[in-house]
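Below: one structure in structure tokens.
Per-chain numbering from 1; labels A, B, C and D assigned in written order.
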Amino acid sequence: MSVRFALLGAGRIGKVHAKAIAANPDAELVVVADAFAVAAEDLAAAYGCGIADIDTIADDKSIDAVVICTPTDTHADLIEQFVVAGKAVFCEKPIDLSVARVRACLGVVAKHKGTLMVGFNRRFDPHFMAVKQAIAEGQIGKVEMVNIVSRDPGPPPIDYIGRSGGIFRDMTIHDFDMARFLLGEEPALVTAHASVLVDKAIGAAGDFDSANIILETDSGTQASISNSRRASYGYDQRIEVLGAQGLVSAENQRPVSIEIANGNGFTRPPLHDFFMTRYTEAYGNEIASFIAAIGSGKAATPSGEDGLKALILAEAALKSVAERRSVKVSEIAP
Amino acid sequence: MSVRFALLGAGRIGKVHAKAIAANPDAELVVVADAFAVAAEDLAAAYGCGIADIDTIADDKSIDAVVICTPTDTHADLIEQFVVAGKAVFCEKPIDLSVARVRACLGVVAKHKGTLMVGFNRRFDPHFMAVKQAIAEGQIGKVEMVNIVSRDPGPPPIDYIGRSGGIFRDMTIHDFDMARFLLGEEPALVTAHASVLVDKAIGAAGDFDSANIILETDSGTQASISNSRRASYGYDQRIEVLGAQGLVSAENQRPVSIEIANGNGFTRPPLHDFFMTRYTEAYGNEIASFIAAIGSGKAATPSGEDGLKALILAEAALKSVAERRSVKVSEIAP
Amino acid sequence: MSVRFALLGAGRIGKVHAKAIAANPDAELVVVADAFAVAAEDLAAAYGCGIADIDTIADDKSIDAVVICTPTDTHADLIEQFVVAGKAVFCEKPIDLSVARVRACLGVVAKHKGTLMVGFNRRFDPHFMAVKQAIAEGQIGKVEMVNIVSRDPGPPPIDYIGRSGGIFRDMTIHDFDMARFLLGEEPALVTAHASVLVDKAIGAAGDFDSANIILETDSGTQASISNSRRASYGYDQRIEVLGAQGLVSAENQRPVSIEIANGNGFTRPPLHDFFMTRYTEAYGNEIASFIAAIGSGKAATPSGEDGLKALILAEAALKSVAERRSVKVSEIAP
Amino acid sequence: MSVRFALLGAGRIGKVHAKAIAANPDAELVVVADAFAVAAEDLAAAYGCGIADIDTIADDKSIDAVVICTPTDTHADLIEQFVVAGKAVFCEKPIDLSVARVRACLGVVAKHKGTLMVGFNRRFDPHFMAVKQAIAEGQIGKVEMVNIVSRDPGPPPIDYIGRSGGIFRDMTIHDFDMARFLLGEEPALVTAHASVLVDKAIGAAGDFDSANIILETDSGTQASISNSRRASYGYDQRIEVLGAQGLVSAENQRPVSIEIANGNGFTRPPLHDFFMTRYTEAYGNEIASFIAAIGSGKAATPSGEDGLKALILAEAALKSVAERRSVKVSEIAP
């Protein structure tokens, strides 16, 4: 049996999911909705699916699942509408920029025993999955420290910065989720430093572009995250986990792995220049995992709760920068 | 306009091409033929295509192109039949184990101005393509030496060895093609050493499992190839090209690129264990190139002539081993 | 002209410097002092030098320079004694565990216009020097972020922990110096997290064994340091520096760089298991730099001031852990 | 007890050995001889040793051992003179360019039960030693194939080419020795291709600058060697050994191992640009091994016989190129 999908939002990330759904033998992309008719039409033409408005889709009994790729400020409302309508919901991160709103939304999901999965795609990267598996197999012993380097090739447009919720809620949130995923314990204490080094306009928009964050659990296990909105050499995404008996790490990925040697040295090409090419396999695996959860009736992971917890860490980081102190997670989420 | 494909042969490599055709937006897999009904039915079910016998397909005016994945001894006949029938033909290597038969076949193709492409998939590997491109861009200056290491994870079944034409025609033929592709000149002199080190049964079947080959062009440019039918660490596929001004190389590929460090050292996982996973992208690119050639009316590459020239090098290598001397290509192909 | 050296302290690190002096064509090891007669005799026998007590050495007009490798609590007194005696002084880090005592000592050095160099050997590692040089040449543009991973193979003996001054003053102090060396600006704000994960006895001794630290300068440039007293895979010493136009990094070093590949994967040997083998070249370069400073009359670097500043960062880190907040360097050193 | 050394020849390689002897605690450089007085004086001044002529050194009963670094055409005579004089002899490769002369020389050595070690320094490189050890420990199972890439940064002066004996006797001879060292069996069959690609003047001098060679033992084990007199990226020295159960390899070495990443990619510095810096440790280990052999009374390795066997392979390679056929080693050395 094939899962019948509706796609809400035909923008950049919507197209990524459309492609993943189309390529999945257990899924069918039935219909797309987008406020911009042209975007919906282009995607519908490319994938041979229908077009409808959101309410129509919510009422369509033949639709099993929706993928929400609309602007962030619509996410929580849409999650609620579609969970109430009995659809399995996959929502791009973040659920909302407000912890309170996310909490309310998850309350609705819980009340209706809905299926909600949040788009932390990196958990599905084959290399990071292999890191997680090595930990699970006990290959490095008890986890003691997670170190994440996560840098974008370049900053997003300034107007995006303004509505992004800031670097912690927009960019680091992936790393917060990855840290939680790998630590195996909940961070209890957060300290962050953040600066504007890449572009003053980012600072003028009230945001930062460079940050280092430390997370600590009650048992003393720690994670460090190093972020920048600029990396001239490509999309820099590295994780390593130190355990009592060893270290496991995932190195950067590049489109081609040749090397040219001459009098200047030995040169390998830059990394991927875009998250979509870097995480192509991850997006496919992510949708497959959502489909499998729907089929099995088991909980979809990462859950709405995972989305909430990463957001809380982002709030704590913001507070840490503002108050120049370590912030207890319990201050944000008592 | 989509190219309408028939697939002849629904075995292992047939499935690879079926998948590549199905995933290509400019192609459609219309029908499959296989002597084993179950194989054809399984593939037809998986890709939603029809089933027909070979003669019916040849007569079907709606079919634009065929992919020949049947046993080697049928290749030349099928190429001739489908070229005469006006279809564009993609044929898995080798065209035939006999140089004379290949010549005759190419004569038929030429007479009918047919389109024939031979399945040297490695030319379409993104990493090897990048090596070729670096050479073409002049990044290493004039090519002086090509060094290829090419090792299979393990030997094929002994009964396959018997009908394979031997290691040079079956395995090294890919490396002969790659050497020609990268040298940019035709080899004129061939010397080979071959031994049985992996499995005596391979020797009993009249074949070798370990070989080193040197190719030399009239200008003195050289290529070395090192082959083994066994590599405990996976599918070992490396090329490097030395030029007057530098070196370009393509390293091995592995499914995941994590590293685990402990008291035993730093360990990365083995390489791909199978040519299909190693060359997944290459197969997709290969079919796309064939489709593009059909669409543009330009010659498909690698051509039947490329298939012939690689086979001639294999013959020369065999003669070199037998006679313990360097063999001129002109001795085989006067 | 050869610089005539006295060595104070014939222990582990004393032997390292004795070897470096003996191998330097511009230096001569004339005499050694050690409270333990046997240690002094062994070293004197190995290097063909004399033995004397400290006061005799201070009075010996033929001695140009001393290398102080005695226990930490004697460093400041000896620096003062030998600076007053007119000798150039090289002192192992730290000058003292107390900021006030270091300040007083540096006052004496300044008053006597003495030459004092502090043993931050890592600045002289060829790989880290090349990182610094790449920055100086402008190869990565303006420095924005320094990331240091620094892990010992295993913890020191517990009794050493007790008198070490703690992980920040004993181990991280090298990383504080390296961060200052690479940032090119003074850190103004320090935040640290520290835990006991490796050995509870370390906690019982009042120390930590695992830490992450963030440094920030007034311009917003940041450094992160990740420490552990245990790394099963060897002595882990990595630095990387992100600039506006690129990244420069120095990878780990291992005694031999072979790789063994089999069904378990591709394995390289563990890293160096000891700081002496890891930094062999650094120790030689360090003494050569001291000798060159003596010969040229220029200031020796890293200076006593460098030693003080690293110690202040260690104090700030300790305060940060205790008070769970970011600590201004000006709080420690008004 | 310290071995008392005389050095014959104060040129480039003589200085390398002088340095190694001076640094060795079990040796003493007593005297140097060189036809050019200035060269001898410089070296004597640098190492504080005496100067004498060759006959005086041969008669000096206080000298235990000589290191022969004079021009190749004097090697055999000097070996004979000093073996007769009862000195342990270390001779730079080759013993002579003529197989017959080497045989005669080794006859004299045998008659006088002399100690003779030949300067195949690469056997003492720590990385290649680790490769050999991995084989000896059975880590890759039975050796099946050795692959050597050996390229010089640039060709030697043309006048050196003329008296070098040609690429096989001068450059490849190191690789022949390494192949024998790693194969663990004697090559019985040799095939070589050689070209002039780097500099036509090399061809005019009767030599080649680019070559590929295959060696095969009676059991079918093979070795490939790929040589060039030019590598713009530095001194390229790689070996790998394929066994029934795995692969062991030694990668290239570079002076510093930083990496700079920017929009052009990730660049590591070129390799060593000179054999002396590449093989610094090897030269030290080599002399230490010679000293140990003298001290223990055991045979020094690599022996004169090893020197002869490598030379025979060079002769066979030359004959192979000339006659375009595989040459049996027994044809050269019946």
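By our rule, a contact is a pair of C-beta atoms (placed from the backbone, for glycine too) under 8 Å apart; a residue touches a chain by one contact, two chains touch by 3 or more.
What you see is a predicted model, and the numbers here were worked out from it, not measured in a lab.
Asks: Quick check: more C-beta contact pairs at C-D or at A-D?
Replies: C-D
Asks: Compared with chain B, which chain's mean CA position is the farthest off?
Replies: C
Asks: Can you work out the whole-Å distance between the CA centroids of chain C and chain D?
Replies: 40
Asks: Between chain A and chain D, what distance separates the C-alpha centroids? Give it in angstrom.
Replies: 58
Asks: Give the residues of chain D that touch two or more other chains, as numbers and ranges in rising order.
Replies: 232-233, 245-247, 261-263, 269 - these are the residues of chain D that touch more than one other chain.
Asks: Show me the residue ranges of chain D that touch chain B in the complex, using the header's touch definition.
Replies: So the residues of chain D touching chain B come out as 144-145, 147, 149, 151, 189, 191, 193, 195-198, 210-212, 214, 216, 219-222, 224, 226, 228, 230-233, 236, 242, 244-247, 324-326.
Asks: Could you please specify the touching residues of chain D with respect to chain A in the complex?
Replies: 232-233, 261-270
Asks: Flag every residue of chain C that touches chain D in the complex, lowest number first.
Replies: 23, 126-127, 129-131, 134, 139-140, 245-251, 253, 255-263, 269
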